[in-house]
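Below is one structure, written out as structure tokens; comments come after it.
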Amino acid sequence: MKLLDVEVTENRKLAEDTYEMTVATDASISIEQPGQFVHVLVDPPHYLRRPLSIASWTEDTLTFVYKTFGPGTKTLTNKRRGDEVNLLGPLGNGFPLPEDQHVLLIGGGVGVPPMKGLAEELSRTNNNVSAVLGFRSEAEVFYERELSAFADVTIVTEDGSYGKSGLVTEWLGKDADIFYACGPNGMLKAVTKTLEVPGYISMEERMGCAIGACFACTMETCDGGYVNVCKDGPVFPKDKVVLP
Amino acid sequence: MKLLDVEVTENRKLAEDTYEMTVATDASISIEQPGQFVHVLVDPPHYLRRPLSIASWTEDTLTFVYKTFGPGTKTLTNKRRGDEVNLLGPLGNGFPLPEDQHVLLIGGGVGVPPMKGLAEELSRTNNNVSAVLGFRSEAEVFYERELSAFADVTIVTEDGSYGKSGLVTEWLGKDADIFYACGPNGMLKAVTKTLEVPGYISMEERMGCAIGACFACTMETCDGGYVNVCKDGPVFPKDKVVLP
Amino acid sequence: MNLTRDLPGLKLKNPVMPASGCFSFGKEYAAFYNLDQLGAIVLKAATGGSRFGNKTPRVAETSSGMLNAIGLQNPGVDAIIENELPFLEGFQTPKIANIAGSTVEEYEEVAEKISSHVSAIELNISCPNVKEGGIQFGTDPSLAAEVVKAVKHKSRVPVYVKLSPNTSDIKGMAVACEQAGADGLSMINTLTGMQIMKDKRKPLLANKTGGLSGPAIKPVAIRMIYEVYPHVSIPIIGMGGIESAEDVLEFLLAGAQATAVGTANFRNPLVMPEIIENLPDVLERYGFSSVQEAIGGAHDETNVSPLYSP
Amino acid sequence: MNLTRDLPGLKLKNPVMPASGCFSFGKEYAAFYNLDQLGAIVLKAATGGSRFGNKTPRVAETSSGMLNAIGLQNPGVDAIIENELPFLEGFQTPKIANIAGSTVEEYEEVAEKISSHVSAIELNISCPNVKEGGIQFGTDPSLAAEVVKAVKHKSRVPVYVKLSPNTSDIKGMAVACEQAGADGLSMINTLTGMQIMKDKRKPLLANKTGGLSGPAIKPVAIRMIYEVYPHVSIPIIGMGGIESAEDVLEFLLAGAQATAVGTANFRNPLVMPEIIENLPDVLERYGFSSVQEAIGGAHDETNVSPLYSP
């Protein structure tokens, strides 16, 4: 966990309202698991940082994908190669990595990016990886080609404009040993209900500090306790937290 | 008076903490007199615009000089060639132009820039122009060469590190028919006391709207009324307003 | 898209008007656009006699906002009627006179004189920048009720009361004003604040304190309007930090029937016409087919009883 | 440069500490720097039993600030003493426990239990995000006095009372607390605000309202401290929007003896050590040779009577 100014090496549009930013890092920032995130400073008058999943990384770069959902992320689109961005990270706990399994990755919308780093890591430990990625429509589809290098990819669009038509839950298949999911709460609920095998899900909550100090991002756990998404998550075993 | 986004064509350092920005304008912005000003938008979270005198202009450019006095003007230094800046202007009433006179220009610090445009205009109407420009020290001196093209220039520094030593009031000479002054209130007070010939002075007040709508910049007049610096000024005959 | 609102004394073609004190008497902004585009014109506060106001500096910048301590500078009600209102006669849009005073009698005098020239009065009991009057009326419900009753008695037109946010009980203030006969409420005036100069070791404003306005205070304005709305049956004109049509919609959802834009005019003199132009699209984007439909939309309807719905 | 302050119960090596609730119980920031660099450590509010707090979303962003409605989530005073305080024993810097409750009895219980483990208590009578207790104590001077007296009776250490800015009479609240025996004041807590989601047509925070913090509220904090300072002879710990050593100086000049940093930690987790590092230079640049010298510097000394000056 570091606080650092990093230089933007690329900031490109991936799909409708969706951008991929790559920044130069150094060895001091050691990412442990896919599914961890960074807390990114945006321009004033936006005051809070924005939590964004690490999509992929190398020894000296880090890439994240952001949807320009509101005005804060929009200011990130102004950054050009050579500009600086301030990051806090890597934060939280990511996806634990299995070996020799048939793994199913499920990503919905901006839940897709962490699946890229995850697929890459999984492919190193002799897993058989499938991925089902859901988008609203063709214009929003991204990372199909990038994930295909490591997984057997199915694209699903809600309006059927590309790939399969409908919701990801209709195209999950039956033979996974374990699943990993990131996406809207509705999707996570449906997926955990549909799939009986063990699984991990990545949660979103609005955050203040992103390090466990402000209790902004608390969720109830199924055993009646509570966790902070930023520090105890964002990835949890599928039956750990009460999905809202 | 227009509100417009203009493109920066140059933004260069002139002297210590002092920058000159030139922007591309079009014919729609018609500057009437030297001494008018523009109200410049700076980056958030700074909310108010910054009033800055027009230093000089051509048919399709406008130049102003700003001192990075506080954090708002500092954000202007980030603007590069090609970036946009939003201006409101030209605003207020500038210096009325005489003919065939011996004119004395007196500028102190960031009161110097409007003297450049003024000297240029005065030189067109057969005036004999002298200028006494005061700065704190050598590092802050600017526009000596630029003004010398139109006026007989004397530079005065408070610490004597360049030109004459002391305050501008000690080097005003005796033979002007009329004077024009812009600078700190202390200087304006001293100048209007020292010089018996007619004169015009340019005032500063903190501003909200800069168009006369908020009454932020009111000054008492010597006859017991009031004026708004932004709309009725910033240039006034020397005995119009009560100097604070 | 129907943007109209029909409020006591005010047939608004759209719910956007200037906030008092940020628009003088209209002339300056008329150089930028036709004032008839506005829902209404709201004038700078008028007092009985002429006032010079506070010494300068009168404004200071703050994060996402500003402080002002103009101190009710104005030429006095008679001079306003004689010199300022004639210019506005050329415009059809309703005019609202903001009135202030140090005593109940002064409020009465101003209301009586100016009310035959305007469509409504905005009773400023909340100006934080004058020594006597003003704020005391604005933080004590019984004093507020007294001045509202007195002004209602003298005014020929409906009276909107402008509430101060510097209170622990905005609901109590609002209800007291309604009971005293107010026809509407304006919310909010500025929060009292201060900035200190570190070099000079004293407050920047000559008046020491000033009123905080701008986007910084928007969350306070929204909360207060949301809090008051279910408890009154008179309309609320909402203001505090509005910069965009999206902001206007947020105020409507909180319970405002119309909105006013103050400080944002200083950043962008065209902000009001721009907001009015964008409003139909913004309403549509969020699924509304009129301004009316959005009003109070953030309230759980079952909890809301005596709503104002003309 | 002498940065020390000697306040009741608190020997501060510098005037910079975290604001309660923004620093949990210290562990997270200890990963960034040695907590002994801080003037003091201020803990998240403790209540009698454990509290889950409000539903999420609990935070919203605003212009130059944020809203929070955490709702006093904490494991309860016993669990805090057992599980959280041991970690802090390794640090020498003074600890301040922030305590809250729904009833006077709950405040008493928490104060009694926790006061033997800390250097001072910060009595939170101003949390806007809990249904019972909290804010009522914070806006009614006689209720405030009652809880202050009760807690003073039970506490082994000095008691600082944290005041709410949601009042029309901050001076009255401050004086009432001093008279009831408070050893110091903390000012200010958050201003109550709201944000509405235009798409979902309801308040963003699950609790509907939340507390506004960050630079947006700094002018209100400065004004309130400046207003209270001449009327009390107990020290004030100032907070509200502090982001830099310059801001700390502004609070000192207004009359604060020490300062706390809240929301700014979320933007920059290193902000407090950075402020502490910069403070000597900033003081020097503005002509001060110690923190003490700056305190109350913006006041006209002739008007100021019973100043706190240890």
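The first chain written gets the first letter, and so on, giving A, B, C and D; residue counts start at 1 in each chain.
The criterion applied here is as follows: contacts are C-beta pairs under 8 Å (C-beta built on N, C-alpha and C of every residue); 3 or more make two chains touch, one makes a residue touch a chain.
Being a predicted model, the structure only gives us computed values, none of them experimental.
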{"item": "Most contacted chain pair (by C-beta pair count)", "value": "C-D"}
{"item": "Most distant chain from chain D by Cα centroid", "value": "B"}
{"item": "Centroid distance [mean C-alpha coordinates] between chain B and chain A, Å", "value": "54"}
{"item": "Chain A and chain D: spacing of chain centres that average the CA atoms, whole Å", "value": "36"}
{"item": "Interchain centroid distance [CA atoms averaged], chain A/chain C, Å", "value": "46"}
{"item": "Contacts with 2+ other chains: residues of chain A", "value": "44-45"}
{"item": "Set of chain C residues in contact with two or more other chains", "value": "62-65, 214-215"}
{"item": "Arrangement of touching chains [line / ring / star / complete / other]", "value": "complete"}
{"item": "Of all residues in chain B, those that touch chain A in their complex", "value": "43-45"}
{"item": "Touch list for chain A against partner chain D, complex", "value": "1, 3, 41, 44-49, 72, 88, 205-220, 226, 231, 244"}
{"item": "Residue ranges of chain D touching chain C (in the complex, touch as defined)", "value": "62-65, 67, 139, 164, 166-169, 191-196, 198-199, 201-203, 208-209, 212, 214-220, 222-223, 226, 241, 246, 249-250, 253-254, 286, 297-298, 300"}
{"item": "Residue ranges of chain D in contact with chain B within the complex", "value": "63-64, 215"}
{"item": "Of chain B, residues touching chain D in the complex", "value": "45"}
